[in-house]
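These are the structures in question, set out in turn.
Two complexes come next, and they have one chain in common, chain A, joined by chain B in the first and chain C in the second.
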Partner chain A sequence: MIITATPATDGPDAFLLSGRFDAHQAERFRTAVDPSLDVDQPHIDVDLSDVEFIDSTALAEIVRVMKRCREREGDLRLLAPSDPVRVILELTRLDAAFTIV
Partner chain B sequence: MPIDQVSPLDSLTGALVDANDQLLALYDMAALRTDTLDEAESVDQILRTACRTLRTDEIVLVSENAGAGGEPDDQSFITSVQVEDPSGETAHVIARRSTTPFTTGDTKLLTAVANLAMRAKHTARMHAAAVEQAIVSHEHDIASTLAQRTLPAHRPDVPTATLFARSDPARSAGGDLFTFSQIGSTLHFVVGDVSGKGLPAAIMMSNVINAAKGCFTHHGEEGPVAVLDAIDSWVYDSLSDADLFVTLIVGQFDSGSQMLSLANAGHSPVHFVHDGTTRALPASRPPVGVLQGMACDRLDISVSATDRLVVASDGFPEQADESGEMFGEDRFQDELAVPQSNAGEFGEQLFELIEAFSGNAPQGDDRTLFVLDFEGAS
Partner chain C sequence: MTDSGLSAYRSWATTPLTEPPKYSVVIPAYNEEWRIVPTIGAIATQMCTLGQPWEMIIADDGSTDTTVELVQELELANLQLLIAEQNGGKGSAVRRGMLRARGDVVLFADADQSTPIEQFRDLEQRIDDGYDVVVGSRAADGAEVENKSFVRKVFSTGLNLIVRNVFRIPVSDTQCGFKMFTADAADRLFRRQLIDEFSFDLEILYLAQKFDMKTAEVPVRWIDAPGSKVEAGKVALEFLRDLAIISWNDVRGRYKSDNHERPDQGVDSSMPPMAV
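Entry: the complex of A and B
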């Protein structure tokens, strides 16, 4: 998986993920995203438009970041989930927990 | 010849005795078994033997980052060499003796001793790490076995229904779970999947099973949504602390009323087969552990003979073959419409099918299958 980070100048920190997002990539995602949580009211965008597959470990990572953001009155948004990701989000009803744009 | 003069013969004899002593000391040093000693003992044994070889009063190994030692007295001769172990750690080996100055040969020998000591130190460290790893691995296996044993070994006799349940973890333990209790005329059951794999998921799996058993007893009469909410309250904090969640379907089948009631928190695939037609039963709320206080719908189905409930984990549809192609939700659903003789045979055949599909590809995730065949009112 390729992670392209765009630090915020005026808005949320943005992360574009490409490829397969599974248990093997969870640590890389954590390393890339966690510094963005070290602020008041963290706002993070995760672009999933180019993710081919996502497993439960990866979903748990995104849930973790979402919860950390909301604990500090920020939020995580999922941008344009690809079809395979959207199917998983709908099957698990995680679409009801996230802000999806 | 003056009495205080040493004859050449005596001198030669003394030198030969000294050389023989050194040879024996070298032999002792080479024969040292340091593989069962710890780091400090290994180095100490080598340096003590080296003192005999070099006829020194003292040899010490000082790590690169160690503080400065005491000053030698004025009568001592000192030499030191710097060495590096296979991991790149450097140290100084310092020898002191009060009799004669060190020769070039002595320094070469000290260098050989120093290298031997550093290698022994490195080997001892690697040995200790390997032992520690073996202990952790052994404890991991025991914990995995204990967690996996919380899955029920026996199936209840369900009036007017036949039950099949099997879980194959991808590793020695996994996060897939099922459990059930027959209380009066009602079969209570849960099937779920803790996110992630391995021991953390397995420990959480056993927590959820214990919570479910308690909630069947205390909240079962209030219906599956109440049981789900109670499990959520029980395990939410521990799931959050571990950054995990669990997809969970809670079900009740009353053999008297022939009513099946379900509450589904994020679990998939769940299918109901009636007259050969398969219908997916979607979740109505996210998994347990994601957000607190999420409302869940209750689904009631009046069942009849030959109906079948199939609950699996994502290890079935997400299993890949050798080319990387996944089995897929559609193919999984197609398999359910094929007439099968009974729950047990159907279940085992589905496991065989996914095994054959995967070929030599590794099992990607835990696989769990729960099948309930309904026989109609007795």
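Entry: the complex of A and C
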């Protein structure tokens, strides 16, 4: 999986993910994203438009980040999930938990 | 998401087929509560882009976790769930799924999505070319293998050398959980199958060769999924034992006639979700 990070100048920190987001990639995602949580009201965008598959470990990881954001009155948004990712979010009923744009 | 892709998926998920499926995808599942739902989502999305009627069959293998409940709760219109009362081995789960399948082309795929379903068409192309059995291969030229442990590489290389040289099966990877069959080939092979454990693949390929079925190998992209239930050393010993069992079965003539019946399909073309 390729992670392209765009630190915020005026808006959420953005992370563009590309490829397969699975348990092998969860640690890399955590390393890339966690520094963005160390602020008041963290706002993070995760672009999933180019993710071909997401497994349960990866889902758990983005749930963790979302919770951390909301604990600090921020939020995590999922941008344009690809077809399989959107369906997986629906089947796991996580689509209702996230802000999906 | 593309509107056409979303529309096709929604229709498949909510409306039972009114015609026989062209494709069947069989997924054996034993204690897969952590992995099964994303795999179903990925496969359903991809298969719906092909524009053909298709069915998914989850062949439970006596799971003791919440795999069965999770699949049932999805309430997908064209997903059959075959429940086993007890664990019988991966080979038994795949057989029940394959003999339940109604498609002209039948694929079985592992529940961990280690071989991405996007490669379905690559295998189907060889079915279109006239092959009866098409094997996804991690060892063929052009295959991409990610995260496979050194131990598993050593075992699989050694075992496949034995298979090729002792059994003369012209396949470089007998164990990849991504294999496609014509309906006739699946019916004939899985009715004769006797091995219920991991080396059932080897028996199926042995029988395909014995019955002069055309078998092709297609290189695949394969990503090791964490949490694999395969214990390389134990499986290797079982594999060698089963090589001998398969030979002995053949000598005794146990492959001359069917060893299993095809289950009654109930003649219900709509095939709602069912537990068997």
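Descriptive notes on the structure:
The definition used in the following text is that the second predicted complex is superposed on the first by the 101 of 101 C-alpha atoms of A that agree within 3 Å, B and C clash if a C-alpha of one lies under 4 Å from a C-alpha of the other, contacts with A are read in each partner's own complex, and residues count from 1 in each chain.
As a convention for this text, a contact is a pair of C-beta atoms (placed from the backbone, for glycine too) under 8 Å apart; a residue touches a chain by one contact, two chains touch by 3 or more.
None of these values were measured; they are calculated from a predicted model.
When the two complexes are overlaid on their common chain A, residue A:Asp55 makes contact with chain B and with chain C alike.
Of the two partner chains, neither chain B nor chain C is touched by A:Asp75. By the touch criterion stated above, A:Ala97 is placed in contact with chain B alone, chain C being left untouched. Legend: residue contacts after superposition of the two complexes on their common chain; A:Ala23 is shown touching both chain B and chain C.
When both complexes are overlaid on chain A, the residue A:Lys67 reaches chain B alone and has no touch with chain C. In the overlay built on the shared chain, the residue A:Arg86 is in contact with chain C alone; chain B does not reach it.
Shared contact residues on chain A (touching chain B in one structure, chain C in the other): 23, 55-57, 59, 87, 90-92.
Taken together, the chain A residues at the contact with chain C in this complex read 20, 22-24, 52-57, 59, 81-84, 86-88, 90-92. Across the complex, chain B is touched by residues 23, 55-57, 59-61, 63-64, 67, 87, 90-94, 96-97 of chain A.
Across the interface of their complex, chain A is touched by residues 1-2, 5-6, 9, 34-35, 37-38, 40-42, 44-46, 49, 74, 113, 116, 118, 146-147, 223-227 of chain C. Per the touch definition, chain B reaches chain A in the complex via residues 193, 195-197, 240, 243-245, 247, 265-269, 282-287, 289-291, 294, 314, 318, 329, 365.
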